[in-house]
């Protein structure tokens, strides 16, 4: 029996959208207020979904405490209360759009999860802007 | 890399569920309170999800401002603060159930989006009644 | 010991903001889209708060089932899936603004509650527009 | 045209996670606080999603009142305000993890729905712990 | 300058409403399903509000980490994943209605807070049933 | 008749908690992660509540469009997508704690509102940390 379990967590971070290849004017025109040189920020909500077989003895697909610890180690401890552009090496050469943040989180967790488990990331930058990535 | 981005928005509208082929009694029995001849209304919440490739330079799948403008032009400016039965030509001959509203929105946006992008509509009529359509 | 208990419920209704003393143009200028002659609608969320002494034996301030029945009888059965302007006599000569709806609900419930209990109404017309009234 | 409609409902229940094959110590180590012999509890939120063809006359995929009655008969009347371990026969020999609760609900509703309709269950044990099952 | 800061937290617990002075029949008639002898449960949401003067140097009214630690020590570590009737001494002779739980939490925190600070408790038993207590 | 109307809005900003009078070590010990020199950020939710008399003709306490324009002019256009420490003159010499942000917003709106109206600010820094100020 294949199920999906989802764990929701939160991190608060500053970021700025900027493409170094473009002029300041091009960046401002394309990214608008999100290009502000002094950064702005968000309360990101992160949903990590893992799909796999249920263990017939325990009735668990994955121990939520194990999953939460993994999310804390790989994501929250690195991203929470940070400046994504300046403090997080993953974004040293990668524009921290919601899309790219979701992909980075997916790759970090993918490396630590058993290969039999499928993984999906849903990231809310705000209540109105949401990104999903499942590694396809 | 294929991702999905979702933009959430809202519109408030009046409507009435009614099938002209049926007698008043049949309509009342089938649709109950939703058949009220004087209309009732909802705060609809609309989630528009677009699936496609991320642009490797900008890190965007689609510019959210472009998507939001499209939703405003095609949906909000036509549906918000309207009577769906009387004011919106799409429902002149179509019963404005949540299902039909979702299909109409999907068709309107599908016509304006690049064909390489997949489109999914999720419409909340209330917090407890939700419809999804992805054009299958 | 004085506490406050709150019961949350919902109703869906159509309405139109319109002052008969004003010209159509004045109404349109003042109320904007809310003046649409064919009505629009909302999912109203209603919070009824009652303040009073806790019963030392039962540990209840008021039986929530009794309060819920009162709300259903006085508000939901009259307002839900209705057109406030056309179907609800309370608004025959009263503009159904969120403010006036809150006052009408307060008066209806005030008449049925024991005089020792204080009453407060909080009405969400949308998630972003909220009115409170406590009879002052 | 294939759509998905979702109905959200709630039930409040006590439960305890425990595997009879394991020692008390093994149970405590594995399930932690969730193993408390005296039970703890949750407000479960249940989303039942049904996928199928829209009826071209009524514009309904399924009558939400019919679906809601089915959920009340098969789930809410059996689970709400109950102790899942002691009061619900489905869990007499099955550990009431969120995963197993979702599977039990899916099976109960699957038996009552027309075979042409697809069924998916989403169960929130808390706002942060969520399980999905669609019978694969 | 007087402000109010609020910290929101959660605990999951089982409980049963029962008055030992009453017969089983009286209890069942009065409390309905909430009287189930085997308990049911809730995800309680707790909002602790503290009112006082802002510190002009730090700009804090109270350090949220200090407040959160206090809530964990006085409430969460005692109530979370517990059976309120059986595991929590505060309810050995007190019916664990939402009203009484709110009063117990208020008293516990009141003892630990500086007397110059005002304290208010808001407890959500479900999304629809809420109790507030401020020690009057 | 005195009522309260509330308008909810949002802004996203970066900030850093720091007291220039203190050493770096004191700041780090007191503010923890919130002291990060490179800033972090939040999606702030702002509720502006205005209390006053209802206009007996229009049924409005205040025109919500007028209130929303005031909030946009005084708060959103200055704070949204900004770095509160660097971009907003109000915080040039004031630590941007949630408490101080609420007071600044209150003062800005107080200056523009008619003196007969009472004003209250409720600011959510996160879903779990909330500040209220009403000018006392």
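Chains here go by letter, A, B, C, D, E and F, matching the order in which they are written, and residues are numbered from 1 within each.
Note that in this section a residue touches a chain if its C-beta (ideal position, glycine included) is under 8 Å from a C-beta of that chain, and two chains touch if they have at least 3 such contacts.
Please read these numbers as outputs of a predicted model, since none were measured by experiment.
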item	value
Both-way neighbours, i.e. chains that touch chain F and touch chain A	none
Any chain in contact with chain E as well as chain F	C
For chain B paired with chain D, centre-to-centre distance based on mean C-alpha positions, whole Å	29
Chain C and chain D, separation of their C-alpha mean positions in angstrom	34
Contacts with two or more other chains, residues of chain A listed in rising order	127
Chains touching one another, given as label pairs in label order	A-B, A-D, A-F, B-C, B-D, C-E, C-F, D-E, E-F
Contact footprint of chain A on chain D as seen in their complex	17, 19, 21, 30, 32, 94-100, 102-103, 127-133, 136
Chain C residues touching chain B - in the complex, by the definition given at the top	10, 12-15, 33-34, 36, 38-43, 80-83, 86-87, 126-127
Partner chain B, residues of chain D touching it in the complex	1-9, 47, 49, 54, 57-61, 63-65
